[in-house]
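Following this line, the structures themselves.
Paired with subunit B in one complex and with subunit C in the other, subunit A is shared by the two complexes that follow.
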Partner chain A sequence: MGEENKAYSSLSHWISGDGPDSEIVMSSRIRLARNLKDFVYPNIADTESRKKVSEAVKDALTSEDLCLHYIQMSDLPELERELLVEKHLVSPIHAENGTGKDVFIDDKESISIMVNEEDHIRLQVLKPGMQLNKAWEIASEIDDRLEQKLDFAFSERWGYLTACPTNVGTGLRASVMVHLPALNFTNNAAKLLSAVSRLGLAIRGLYGEGSESIGNIYQISNQVTLGHTEMDIIENLNSVTSEIINQEKKAREGLMNDIKVKDRIRRSYGVLRYAYQISSEEAMNLISHVRLGIDMGIINDVDPRVLGELMILIRPAHIQKIHGRELDIVERDIKRAELIQNRLSI
Partner chain B sequence: MNCQRCNIRKATVHLTKIVNNEKTEAYLCEECARETGQLPFSGGNPFAFQNLLQGILSPELDSFEQYQQKLECDKCGLSYRDFTQKGLFGCANCYDTFSEQIEPIFKRVHGNTLHNGKVPGRRGGTLRIKREIEELREEMQRAVFCEDFEKAAEIRDKIKELEEKEKKQKQG
Partner chain C sequence: MGEENKAYSSLSHWISGDGPDSEIVMSSRIRLARNLKDFVYPNIADTESRKKVSEAVKDALTSEDLCLHYIQMSDLPELERELLVEKHLVSPIHAENGTGKDVFIDDKESISIMVNEEDHIRLQVLKPGMQLNKAWEIASEIDDRLEQKLDFAFSERWGYLTACPTNVGTGLRASVMVHLPALNFTNNAAKLLSAVSRLGLAIRGLYGEGSESIGNIYQISNQVTLGHTEMDIIENLNSVTSEIINQEKKAREGLMNDIKVKDRIRRSYGVLRYAYQISSEEAMNLISHVRLGIDMGIINDVDPRVLGELMILIRPAHIQKIHGRELDIVERDIKRAELIQNRLSI
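Our next item is the complex of A and B:
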């Protein structure tokens, strides 16, 4: 139990905190891609070149008073690297083996700076709820400070020169993670997806590119990075997201008297409370229903932050970390059910 | 027509195989085709950006395109062919080397070919000043429109100052 408590307290601020519109928007994220002009990009760089980049970025960051923890990915055992992936602090590719891969993380785990990922620098700021502008302010400030020390690859014509042409220009990827159970219940999610993609935005499942929606959670982000200002990109995402929030709210109102939906919600709650074993996918879908039940006033004895917390905690590396050892799939499913029951009774 | 393998689902894949000059035909449903490894798209995401890029940029080659494929960045050694296959640049210099070729890609991906966002303070060169001048010009026009000529004159002087600064930076 002691171990478990430690795991709860080790949750990132962005997932356990509350923010504006957190009923529907779970988190906001800003990511900037930057490269150093004098070094070849990580996809073709040799060990020595990667190390030099790593040193240069480290020097620049430690001279600034940003209070970041410096982590060399190669120093971490696989399980710890997986934990960082599950917390959305590093990308899955960054957790794979390779030299010169670093990450800088702040105490609240809302800032993460990956070094030698696809680009030399991937700076990310995560905030709970709908806070893209705030996240952008922080990211831009860190970017300014880095730029004082480092020569970024930049051209007047094409802006920041990134490794992949899909990031060139601003190097900005702004995204929000939204929970849309009612739109899914009313079969409107598919329509939403196609509408969103016509507005220059991409929509994906919880675990990134190509993944399907699990637990009714979607990530929406800008696709175009060249030719618009950062503010235009962020405002576009802000306005589309607030429209999605409206639609989801309306759909929820429409479900208020739907007996079948109420029944589904209560049944989902029952399964979560009493299952002996549960896969993470099933758990996510049921947790989503419970969260909807809380928001709609159907379930009253559960903390609404449960969905966000459990979304991270029930993933394989976290379950294993909490139990202090490797677990096979069957053991994990059993421990996952236990963990959820403990959390729901707090 | 139903799938010849499972006989349940509709056959949507028509397969023609020629092995040792012997032609065999099969009509399968998508699932059976995938299970028997007959469907080429089963592995990976065929619509990953890199693959699409490869499709856009590797049509049948004429001599000019062959020349393009051989084009190579003199700083990192990445060839244009490598770039189209990986979808990643090797260094900042690649952008200059492949400038003619990538402009249409940017147009396709972003609908734009000119950066309009943030400019780094130190390495932005004169771009920062240019932007500032543009903004001041707009402001000046507004002032003129509102017949606030005193303010317009002030702004005009500021613009002149900035233009001087821009000239100096270009020379230095």
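Our next item is the complex of A and C:
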């Protein structure tokens, strides 16, 4: 167990831009929902009960050599909590006030274990690129270890029991974050994604449920947690994602000689490099174009990792953290443009 | 008299961006219309008559030590004629086919004398910045010298006679080309220019009569040639232009802390530096913003002279001349973007 309440202003390993098919798949994520028998679900639990769950999980994790930092959300100022949301390490709900809300995070920020979110335990493993199986391996191993220490709510008939019925069974949500600029340029993204949703998969924007797609980024995840094995769920998502990768690659090839797209990409780069102020949404869209431009060989003087980092660094809490104080929207837009230009000039 | 039919691909002196108030007044121009007694006006003259006029003017100019290059328009390929139009050295009408159409141009491309345009002689002097008086001095001296050699059509009652009644009297058209981006940003240009037109002055776009304003550039000239002395006409234009300069300067000061304008200027610069293709109209508008940005201290790494040159070099004939062959519109837009980026990187 490392230092408590460490200020998480560094960048997570999963945003490195490495990993298989990383020019299209930004990250892979496995999330397991688990609950302790004998305790009511967090949203109806009293303070005492939540504290007990928190203690039990903390004891279980401390006895394992997982090198996780323990953070009590209530100890963190709002800005620090927002930082964790922007890094996808805790959910927006978990960043709100509430007793017994904890999170355990490893040094690389690949693993996060939320306690007393919707379920008692929400274990998440994030990996860069297309690495669902690897993420599953890690998550599964931590899950096994916890199961030896804790008495999970489990039904022979239903499997793992969860606060919301949509998670019952495996408690597994596998998801990939894909970047599909070429499919959007060719107006094929909507069609493809609607086909994907008919295969029992859910499509969401960058920041999860209800969030709109910005920067041509989509989260694709399994809808159904019940009645399939974990491996079935992961294999289904793997194979659908492979097909999406193929379609996006074909679309990129088709754009190779498209002068208008080339122009659009280069203008996006010009605006990123020179704008005096920029919103995070516009910046995400322009960064998306530049990422595509790098992959298509149109832009050669930017490291794609810098763009991956910028996608997180330009979020409001990160901008404010970097500048050491709260900023209003106009100040943020100006500081965001400045930050982007500094990073692009490295 | 210099080398005949020299390829005018170099840049004119007047576009240098020097001269008084050159951050607002791009150039000053004096044009005198003259006709030879005993000859009918060019548009109704037969070939023979036009040739005789051409010979007479050529003889008169050759005997003077004015160091002018003599060009027969019919000897020039279309592209070269277009180049002269883009440099404001001949009118669009003069670039069309026709017998006896000549032009005499000095090395600096400050002086141009069209023969057999609408009138037998159209003498023009162009100077950078606010230099109407200087331009008038030069034009007047050449006019005096020509008058000693040639018998001008002149009436005691009306003054100099011209093909179109709007030029009768002094035959003088004095004009300034002004760059008014701040007045446009503050939506005050239309109001000011409508006030100016009520003072008996004409407002036009960059390429003269009927042309729309692009790049926030306006030509302001006297409407009336009759009933005023040359000095009255020039002094009136001088004083109105002074007022326009004041208004534009005030507007620029007012924009100093305008974040949106600063952002717009910087984005314009970014697009100029990175676009893959660009039309001449868009380029002119972006260059206009960058010129303003330099004057406001927002952009520091561009020489304003480069922008002045670009305003001419990006015109279609110049782009094609530079590339040594005819280009279609798409090719031109691509080569234009390339040219701009090369020049801005110097």
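Convention: the second predicted complex is superposed on the first by the 336 of 346 C-alpha atoms of A that agree within 3 Å, B and C clash if a C-alpha of one lies under 4 Å from a C-alpha of the other, contacts with A are read in each partner's own complex, and residues count from 1 in each chain.
Going forward, a residue touches a chain if its C-beta (ideal position, glycine included) is under 8 Å from a C-beta of that chain, and two chains touch if they have at least 3 such contacts.
Treat the numbers as computed from the prediction; the structure is a model and nothing was measured.
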Contacts of A:Leu172 with subunit B and subunit C, given as first, second, both or neither: first
First, second, both or neither for A:Tyr218, with subunit B first and subunit C second: neither
Subunit B versus subunit C as contact partner of A:Tyr41, first or second or both or neither: first
Residue contacts with subunit A in the superposition, subunit B compared against subunit C: B
Which superposed partner A:Tyr269 touches (first subunit B, second subunit C, both, neither): second
Which superposed partner A:Trp136 touches (first subunit B, second subunit C, both, neither): neither
Contacts of A:Glu156 with subunit B and subunit C, given as first, second, both or neither: first
First (subunit B), second (subunit C), both or neither touched by A:Val330: second
Shared subunit A surface residues [contacts with subunit B and with subunit C]: none
Residues of subunit C touching subunit A in the complex: 259, 262-263, 265-267, 269-277, 330, 334
Touching residues on subunit B, where the partner in the complex is subunit A: 45, 48-49, 53, 75-76, 78, 86-92, 95, 102, 105-106, 109-127
Touching residues (chain side subunit A, partner subunit B) in the complex: 35, 37, 39-41, 43-44, 118, 140, 143-144, 147-148, 151-166, 168-170, 172, 210, 224-230
